[in-house]
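The next part holds the structures, each set out as structure tokens.
First subunit A sits with subunit B, and in the next complex the same chain sits with subunit C.
And then the complex of A and B:
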């Protein structure tokens, strides 16, 4: 059974307060030098919700503009804001106050406390949300302001603020266990809540009933568990519970930034094998990475651009004859023995799987490697990450004699695209193309797209290995394979016999002549 | 530069003597190379890591600089760096690292 890309969703959550509270650049700085110039200047660089909304890469992420159109917009994008909508065809950009409420909806252990007055206001706002239902809103409950102040001042709860005013907090889940400390619970609940938002949009976009989902693979970069199993999981099932995917179980897949690409391969394999028909791959955002390059942004007079959590959902289903196909007959894999030089990595992920199918690098219409927004990374000295990847692929094409060196720029503009995803680690890693790629493939504008996930495993200090996997998405030829197992084998045998008999008949006829 | 890496470089310079250590960079862009070069010579410009305010003055080169390239087996260089060299702005990177080296490196190669 061919696995197909049945639907996608992409969401952002504008969280300027959580950025300053939980982003590691901020929290480490506060611990070491609470009076630093950076911490004093940072508040002047925080964007309003509207500025975040009208930021072109964010509009591209939720599907209101084609990511490829970004190159034709005036730069810097943060100075040339465009008309922006909160909702797009792939998802939305949620403001922080509504997200606090969603975190409480996601919380089943009374860890997110919200103030009475805030809850009343936010209930009104959320009632208008197209995907947050009455059952969700009914879960919201308020506490007196005094109790929240007490939790923050005496029990180490993390404050939740809107425009500098305390409206709630996230408290610790255990007195001694550091893996259940308040900052970890905030991190995990933010991941869970943003993934819930992504899953709600995915089900809506794919027009599928929650009950039809059979398996969920969560692939963010956080670890939930307790001190006896720090990364025990299972975000996937916790997310499915809130969204109401009653017939689904699930598990978490990790692989740093390559996690999502691994997860999509797992999901596609589960569908191809016939184990499940509808598998969701889901990821929420990473609070730790908010404001990660903030020091450089503040120093250079930019807004703090890393003020959004990202989330996405991908639905892999059994072949419907229409949706683009995830090819499993040849996938790219950076293996233990591959080597770590950039050219070895890129060859393993692009050239090798294509060669196996008799294809060249030029046969892929679009490549989606790490799609980080360059406006975020360049001021911090990390360069234009997608462009570096495209240059490497073009250079491989030159080395293989597919194109001339002078044609590298043309190759890059034809087979590449500008980066537009938030620097949330796993979020930019190839997957953000899947929304527009699905549409363009179905419209016949693209035929073949390669998603490349890469991960820096050395960060865990467990190995110096690099990692990556890649896969191809192609247009569906409309032939739905319905037979599997014995039936398929019998059909194959019948075809072979018929072919052989036809050959014999042909042979006899030509001998007679 | 990653705080852990800064710590490792500081440790190695202390263990073997700054005059016996050479830092070879592999950054893909001139700005990044410049920040890394400054970190191991004049100290961490972001004042965040173990090299904040620590001027080790180490000799620092990028892998694409001729001094380093000629010291490497050409076959190994081609296999490991050849394609990358084709896509990098080699001149800009060399100038960026050289400028920092001339200002802050205290030891010859």
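And then the complex of A and C:
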């Protein structure tokens, strides 16, 4: 059975307070030098929700503008804000106050405390949200302001603020266990809540009942567990529980930024093998990476652009004859023995799987490697990451004699796209193309897209290796494969029995007449 | 140019990773005293 890309969702959450509280650039700076120039100046560089909403890459992420149109918009994008909507065809940009409430909805251990008055106000706002239902809102409950202050001042709870005013906190889940410390619970609950938002949008976008989802694969970069199994998991089932996917179990897949590409391959394989018909791949955002390049942004007078959590959902289903197909007959893999040179890496991920299918690099309409927004990375000295990847693919095409060296720029503009995703680790790694790619493939504007996920495994200090996998998404030729094997035999038997019973009934009716 | 020199390598995952630079530097006869790969994203 061919696995197909049945639906996608992409969400952002504007969290300026969580950025300054839990982003590691901020938290490490506070520990080392609480009076630093950066910490003093940072508040002047925080964007309002309106500014975040009207930022062109964010509108591209949720589907309100085509990511490829970004190149034609005046730069810098943060100075040339566009008309923006909170909701887009792939998802939404949620403000921080509503997200605090969603974190409490996601929390089943009373760790997220919200102040009485705040809860009353936010209930009204959330009641108007198209995908947050009455059962969700009914879970919200308030606490006296004094109790929240006490948790923050005496028990090490992490404060939750709106416009500098304390409205809640996240407290620790255990007195001794550092794996359940307040900052870890904030990190994990934020990941869970943003994934819940992405899953709600995915079910809505794909027009599928939650009960039809059979398996969930969560692929963020966080670890949930306790001191005896700190990465025990499982975010996937915890997310499904809140959204009401009652017939689904699930598991977590990890691989740094390559996690999502691995997870989509797992999901597609589960569908192709017939184990499950509808498998969701889901990821929430990373609080630690908020404001990661903030020092350089502040120093250079930019807004703190890394103020959003990202999230996405992908639904892989059994072939429906129309949705784009995830090809499993040839995938790219950076193996243990591949080697580390840029040429070896990119060959393993692009040339090798294409050669196996008799295709050339030019036969792929669009490549989606790392899709980080260059406006975030360039001021920090990390360059335009998508463009670096496209240059290497184009160089391989030159080396293989597919194109001339002078045509590299044309190749890059035709087969590449501008980066538009937030620097949230796993979020920008190839997958953000899948929303627009699905639409364009179904409309006939694209035929073949390659998603490339790469992960920095060396960061865990377990290996010096990094990693990558890639896969192709193609238009569906409309031929739904016939069942084979036991299922086909059973179907034949049913048909024979039905025919025989019909003959008997006809015979009896004739006898009576 | 690098022969018998001590070298510190800072590679980048989406640029040229540390191990790839190591191979080049070693072949030029340098001694690698530290090598790492950064991930800026």
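As a working rule, the second predicted complex is superposed on the first by the 485 of 513 C-alpha atoms of A that agree within 3 Å, B and C clash if a C-alpha of one lies under 4 Å from a C-alpha of the other, contacts with A are read in each partner's own complex, and residues count from 1 in each chain.
Criterion: a contact is a pair of C-beta atoms (placed from the backbone, for glycine too) under 8 Å apart; a residue touches a chain by one contact, two chains touch by 3 or more.
As the structure is a prediction and not an experimental result, all values here were calculated from the model.
Trainee: Taking the superposition as given, does A:388 touch the first partner, subunit B, the second, subunit C, both, or neither?
Mentor: In the superposed model, A:388 contacts both subunit B and subunit C.
Trainee: Does subunit B (first) or subunit C (second) touch A:504, or do both, or does neither?
Mentor: Neither partner.
Trainee: Scan A:357 for contacts with subunit B and subunit C and give back first, second, both or neither.
Mentor: neither
Trainee: So, does A:370 touch the first partner subunit B, the second partner subunit C, both, or neither?
Mentor: A:370 contacts subunit C only, not subunit B.
Trainee: May I ask you to decide whether A:138 touches subunit B, subunit C, both, or neither, giving the answer as first, second, both or neither?
Mentor: neither
Trainee: Should A:342 be classified as contacting the first partner (subunit B), the second (subunit C), both, or neither?
Mentor: both
Trainee: Just checking: does A:493 make contact with subunit B only, subunit C only, both, or neither of them? Give me first, second, both or neither.
Mentor: After superposing on A, A:493 lies clear of both subunit B and subunit C.
Trainee: Could you pull out which residues of subunit A sit against subunit B in one structure and against subunit C in the other?
Mentor: 341-342, 381-383, 388
Trainee: In the complex, go through subunit A and note every residue touching subunit C.
Mentor: 257, 293, 339-342, 345, 370, 372, 377, 380-383, 385, 388-389, 423, 425, 428, 454, 456, 458-459, 464, 466
Trainee: In the complex formed with subunit B, which residues of subunit A make contact?
Mentor: Residues in contact with subunit B: 28-29, 32, 295-296, 341-344, 346, 378, 381-384, 388, 391-392, 394-396, 398-399, 405, 408, 461.
Trainee: Going by the contact rule at the top, pick out the subunit B residues touching subunit A in the complex.
Mentor: 4, 27-29, 31-32, 34-35, 46, 48, 79-84, 86-87
Trainee: If you look only at subunit C, which of its residues touch subunit A in the complex?
Mentor: That would be residues 12-20, 23, 36-37, 39-41 of subunit C.
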